[in-house]
Each structure stands twice: as C-alpha cells, then as structure tokens.
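Look for chain A in each of the two complexes below; its partner is chain B in the first and chain C in the second.
Right after this comes the complex of A and B.
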C-alpha cells in the first residue's frame, strides 16, 4: 500500500516536472531545432547499384542515413540537455522550489530520479521520434529493414543523453545558478564534441583513439550495430563491439551516479 | 498536452519538411557500370530512387560529369551495341521492353519510391561494358521534387493549421 502511494507520488512528481520543464516554448523550440538538424542529414534517394547487391546497398544506405541523423542530432541535444537540466535543478534552487520539494514526503532518490527522467526521457523520445520519422520517410520502400535499424537508435540515444544529462546535472548542483551552469554544461559538452574533430595532423597518433571518447563511442556503437562501413584497420572496426558497449555504459552512468550520490548525500539547501 | 500545442508541432514539422522538399535537388547525372556483359548475357541494375518525376535513363553512354578527365582519353566515347532493354517499376510493372542500340536514352516518370530494375541483354557478338545512367535535365525545377515528402508536408501543415484554428475558436467561445 505504502509502495503504491510512493509510486503514485513519484509519477505525479514526474508529470509536474515534465509540465514545468517542457512548458511553452521549450518543446516547440526543441522540435524546430532537432527537426531542422535531422532533415539536413537526409539526402534525396538517387542511386544506381548492381541488382545482385542492391539489398546490401540499401542496407548500407539506411544504416548511413540513421547514423547521419543521430550524429547531427547530438549537438542540439547537448544544448537542450544543458539548458533543461539547469532549469530543472539550478533554477529550482535559485527560486527556492528545491527547498519546498525537499520538505515534501518524497525521498531524495525519487526526487532526483524524477527530475532527471523528466528531461532525459522526452529528449530521448524526441530524438528517436525524428530518427524514425525521417528514416521511414526516406526509405519506406523497405519498411521492415528501416524498423530493424531505427530500433538500435533508441538505447543509444538514451545512453548518450544520460552522459550529457549527468554532466549537466552535476554542474547545476555544484554551481547552483541557472545561466552559469547551463553555459558551463554546454561548453563542457561541446568540448567533448570538439576533441573528436581533431585529426592526426593536430594531435598525432592520439587521434586514432578519439573513437573511445564519450561523444564518439555511442555513435560508433550505433554504426557497428547497423553494419556501417569504417576504413579498414581503424579502431572503430578493429576493436570488438563489447568494448564500445562497455564504454558507452560507463560513460552513461559515470556522471549520473556522481550527481545522484552528491544530491542524496551532500547537496544542501540554504534557508 | 493541449490541442494547440499538438497543432503547432505538426505545423513546425510540416514546415520543416516543406522547406526540405522544396530545397533539395536531385543530382544532375548519376552513372554506374558493373563489369562486362558477354554476348547474350544480361546485366541487371537497380535504381534506388525517390519519386522525383521525370528522369532520363541512359544506356551505354559513358559520360563523366564533374571530372577533369581530358576528352582525349576517350571516356566520353559512347558504346555502340544492340541490346534488349527491360525496365521494371518497384511494383514489377514493365515500363520499357524493347530492342535498342546504345547509346540510348528513354524518359521515365519516377512516381514510386523504391527499386526500379533495369535488365540489359547484350545482343552483340562481343563482350562489352554497358554503363547505365540517370540524367535529370531540370534539377532546379519543381518537377524533380520528392512528391511524397511534399504531399506529406502539405498534409501536416493543413492538419496543424486546423488544430491551431480549432483551439483558437474553442478558446474564443470559452472566453465569450
């Protein structure tokens, strides 16, 4: 009975938090930005192939298409993750809402989980929704294949967003001010993207290991699961897939766990 | 989520899709060649294509576009060869079936998204490559837009607009 009441209050909190965080015009802006970025990744389908290899060519096309949409989406997702996490944690602290919430008969664990999920889940479904929409729109002539491919994008989007979400949460909890924490989280997120743009001329042989960075690893994992072709001998193809799975899981959980422990054990509110 | 937000989101997606279908262009020329066909052997090509309207399927033309290759290398020299040509739509309808001599070009109206198949049988006496290409003459024209995306964008825009209007009218009636 007590458990049921606890679940109900947690769900009510999640609903209220989602309503607050995704209020007008946040959702509309997210839709505009993610839709524009996603649509720029798809190209008009015009290709001539050997008929005996056309199925394989189509698989490659769909895989590359899904991969391109996901890759393009990462930057607006970093921006929205940073802004929304700081709105959810730092702004509530600044406005004194956090103090009120912590005085409610809800555990800190539930509060943290619901606040975190209120940002991450809608963003994941928004990202995945656009991957599905534009992939199906471009390749619906082989719908079954497209559905097989886009299914992989859901866990990858969630895990990638958990990394940036965790990072933005810990930054918000430490800085406790909306604008500085949003900017810091955004810049840190973009730093992870920026290092992946460096090549061997800039950083020498270290560039070969950029596939193992938090920005690249989930995307490489997605590409590997869909059979996207990498240059022979590259780290992306020479390492077994479990390395990327493990790294993605580690990256996804590292900041989430840190921020969770900090929120539950160390986070204090001013009177 | 209320009806006006759903309408607004549909409107946004419709507008983004309309901009995309309006601004994306088909390439002017696409060509492929896979090995040589012996006498009486058939080469089969798949054209994976969106419903982009009228395009010209070219058989035996070795044109190379955007290349700095000098013409004296003979790469632009067409292949003269009698062939039997069959072109099928994604729904397996025969769009073309005739004996022709390459270089040959035929206009096809691409109305479906999917795989058009081109079967070319070498009716000559010697083995020969039979390159197949697609030429779009009016790439900046509306005739080569992806019609399915354009139609969907219009449907989304109309539904979004309808929902927004319904929500505004409902609000106005309530306020009255």
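Right after this comes the complex of A and C.
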C-alpha cells in the first residue's frame, strides 16, 4: 500500500512538473521546430536499378534516413534541453517553488528524478515520434523494416538526451538563475556539437577520434546498429560495438549522476 | 536513530553558525521551540529565515546542533518534514493548477488519505472554498496566494506549523481572521513558529518569543518575561488639581518628560524607584487628591527597539 501510494504521488508530481515545464508556448515551439528540422533531413528515394540488391539497398537507405533525421534533431534538442532544464531547476529556485517542494515530505531523490524525467521523457518521445512519423511516411513500402529500425532510435535518443539533460541540470543547480543557466548550458552543449564538425582537413587524423565524443558516439552506435556503411578502416567501424555502447552509457550517466549527488547531498536553498 | 521526543520542547538549536560566502548569517545561535505559539522576531537579516530553513533541512549548519522533534535537521529532514507544515513569505505554487488540484497534489505528497475531505477542511479554514478553489493559481491575488499557502501548511494536521510573515499580503480583516484561526488551532494542540515584523499581532497570539539580531539570540521568554526585563518608565497620574503637582515635578531631575492633559499628568522618568518613593510627598505638597496612578505598559515593539539598540550599542562599544 505504501509503495503504491509512493508511486501515485510520484506520478502526480511528474504530471504537475510536465504541465508546468511544457506550458504554452514551449510545447508548440518544440513540436514545430523539431518537425521542421526532421523534414529537412528526409532523404528522397532513389531508383534502385539492380533488383538482386534491392532489399539490401533499401535497408541501407532506411538506416541512413533514420540516422539522418536523428542527427539533425540533435541541435534543437540541445536548445530545448538547456531551456527546459533551466526552467525546471533554476526558475523554480528563483521563484521559491524549489524551496516549497523541498519543505514537503518528499525525498530529494524523488523530486530530482521527477523533475529530470519531466523534461527528458517528452523530448525523447517527441524526437522519436517524428523519427517514426517521417520514416514511415518516406519508406512506407516496408513498414516492418522501418519499425525494426526506429526501435533502435528510442534508447539512443534517450541516452543522447540524458547527456545534455545532465549537463544542463548541473549548470542550472550551480548557477541558480534561469537565463544565465540556459545560455551556459546551450553554449556548453553546442561546444560538444561544434568540435565534431571539425574534419581531417582542419585537424588531420585526430578528427577520427571525434567519433568518441559525447555528441557523436550515440549516433555512431545508432548507425552501427542500423548497418550504415562507414569507410573501411575508419574508427567508427574498426572499434567493436561494445566500445560505443559503453561510452554512450558513460556519457549518458556522468552529468546525471553528478547533478543527482549534488542535489541530494549538497544543494541548499539560500535565498 | 530516533530519540525520544520531549513533551515540551519541539526543537532545539545550539551554537549554530552558518556562512554564505562573505556573510556570516548565524553566529552561535541557540534557542528552543516549545509547544504552543513561538514568535521569532528580529530585524531584516537577523537570521530568522535562515533558522527556519535550517529546521527543515533546506540548509546545513557549518557548526552546531539543530534538532526538531529530537531528530537531526539535516540528516533526518524527511521525517521532520512529515510533521511540519510551512508557509514561506514568498509562496510559490504550480500556477497552472487550480487551488484544489494543487492541494490535492500536496496531499498526495504528504501521504494524506481521504484527501478531498481534508482539502475541503483547510479551504474552509482559510475561506478559499467555492469558486476560488477551482480557479488557476496563476490568477490569484497576493492575498489569495497567502491563504492558499496557509491552507497548504495546515494540510494533514502537522504537529508544528511554521509561518514566515504570514500576514504580509493580507488586509486587516484577513489578518484578524488568520490570527483567530491560529488561536483556535492552538487550542486543539497545534504548535506554531511564527516569524513576523508585525509585532502587535505576535504579542496577541504568542506564548514564547525569541528575539534575534545579527544571527544571534538576544532575548528569549514569554511576553511577561520579555516586558518584565524592561521596566516601564512612563506613568499617567490622575490628580485634582494637577497644576501644582506639574510645577513640582518639573523641578525634579529624574523626570525626563512631562505633559498634562486635563487632570492627567504623563510623566516619563529616569529613575523609577526614586519617583515611586518621592511621589506621595509631592502629592501632599501640592495639596492634591490622587485618583489613580497608571503604569503605561511597554509593548513588544518598544522592547524590540530598545533591545536591538542595546545590542548594537554593546557591539559598538565592544569594538
């Protein structure tokens, strides 16, 4: 009974947090922006000449398509993650809601988890929803194959967002001001994205290791699971897949754990 | 480990210090919170809100001991928060929810069964029932938000209710009603810790006071003890005729201020004992007949002012 009541109260808190963070016009803006970005990543079907290779070519095309949509989505997702985490943690602190909530008989663990999930879960499902929608729209001739591919996209989207969500959370908890923390989180997020845009012409062979950065690793993992072809000998294909799985999990958890420990053990309401 | 709960003392702060950057918020603060209505008074920056936050585990003391119900305020704050209701000066809510829905959420978080009956009870107490409870909190006035915050603090009948400036956004009628609710709840065994700048209100309801300045306690006690420490030096003497006594009193060096209103003389003296000894002689010399001598009672506000002045003077001379 006690556990059930605990789950009920956590769900009620999650619902209230979602309603607060995703209030108008945040949800509308997020839907529009992610939809537009996803549309721009759609690849048109090319005519497949060789019938004997048609199945393989189609698989490759779907894999590339799903990966391209997700890659493109990352930029608006970084922006929204930064803004929403800042709204959830820093604005609540500024307005006094954090103080009120921490004065209630609810554990800091529950409060942190619900606030974090209230941002991350809708963003993940929004991203995933558009991947499904546009993939099916584009490759409707083989729905089974499309669904197989997009299933991989869900955990990858969640893990990638957890990295930026964790980063934005720790920034919001430390800075405690809505606008400065949103801007700092956004700039830091884009820094990780920017370095992956450097190529071999700019920094030579070092560019290969950019596949191991927090931005690129989950996307490489997605590409590998969907059979996207990389140039022979490149780091993306030469390293075993478990390296990318491990790195993705580390990136996903590093800032989340850091911000969680800080919130539960050290965070104080001072003003 | 849960210790035995003292029947009289609800909270105990001992030698607490807390620094925020370059600001020393608490400097060895020690006081107790008792069953009943406790008033926490002091000027801005005295450390009242910091003490309240400490009691709820919102901040951790640098040194010293902070306990509520025999439990450590930082390590066992969850258990403490189950037994405390709080209204902060800066009330914040889920503005997108209605008053009723917000309280319903808080009731769930507090683990209150039969929450809808309890919510109706507290809404009735703060007079927010009817249409107001179904409106979004974002559209509430400052006074309504204050009352909703009070309702939230009352939810679940906590052992201790902490109110930080509870009447700051209320009109005079609202203040009176809130103070009456506090007094009624007191009769039912609920204890309060109230921090407020409106001292006459506190004087009306509080059983015990803690006066703070610069992160320290400077006085503590019941209203009688607080006022007793400061002997009144102003008297009203009703005599007939008053004119001659007025002339005689003017000559006395221990008289600080003197005024006349009809047959009433208002006298403020430096030396109360000497004045009391001397007065019968003066009345006799003035051939006056005495109706009554009234002591003008000091109020909490004057005690507060002089205590803060004495504390500041002491610090200056100490320096």
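Basically, the second predicted complex is superposed on the first by the 269 of 271 C-alpha atoms of A that agree within 3 Å, B and C clash if a C-alpha of one lies under 4 Å from a C-alpha of the other, contacts with A are read in each partner's own complex, and residues count from 1 in each chain.
Operating definition for what follows: contacts are C-beta pairs under 8 Å (C-beta built on N, C-alpha and C of every residue); 3 or more make two chains touch, one makes a residue touch a chain.
Here the structure is a predicted model, which means the values were calculated and not measured.
Steric overlap between chain B and chain C is absent once the structures are superposed on chain A; the two fit side by side. In the superposed model, the angle subtended at the C-alpha centre of chain A by the C-alpha centres of chain B and chain C comes to 140 degrees, rounded to the nearest 10. Applying the stated contact rule after C-alpha superposition, one finds that A:27 touches chain B and leaves chain C untouched. When both complexes are overlaid on chain A, the residue A:109 reaches neither chain B nor chain C.
After overlaying the two complexes on the shared chain, residue contacts for A:197 are found with neither chain B nor chain C.
In the superposition on chain A, A:57 makes contact with chain B only, not with chain C. Legend: residue contacts after superposition of the two complexes on their common chain; A:137 is shown touching chain B, with no touch to chain C. Using the contact criterion defined above for the overlaid structures, shared-chain residue A:99 touches chain C, although it does not reach chain B. Set side by side, chain B and chain C differ in how many residues of chain A they touch, and the one touching more is B.
In the overlay built on the shared chain, the residue A:39 is in contact with chain B alone; chain C does not reach it. For the three-chain overlay built from the shared chain A, the minimum Cα spacing from chain B to chain C equals 13 Å.
Taken together, the two structures place no residue of chain A in contact with chain B in one case and with chain C in the other. Across the interface of their complex, chain C is touched by residues 5, 8-9, 12-13, 16, 19-20, 23, 92, 95-97, 99-100, 102-107, 268-270 of chain A. Residues 5, 8-9, 12-13, 16-17, 19-20, 24-27, 30-32, 34, 44-50, 52, 90, 112-115, 117, 132-134, 146, 148-149, 152 of chain B are the ones that touch chain A when the two sit in their complex. Those residues of chain A lying in contact with chain B across their complex are 24, 27-28, 31-32, 35-36, 39-40, 42-52, 54, 57-58, 61, 133, 137-138, 140-142.
On chain C, the positions that touch chain A within their shared complex are 20, 53, 56-60, 78, 81-82, 84, 86, 88, 90-97, 104-106, 108-111, 152.
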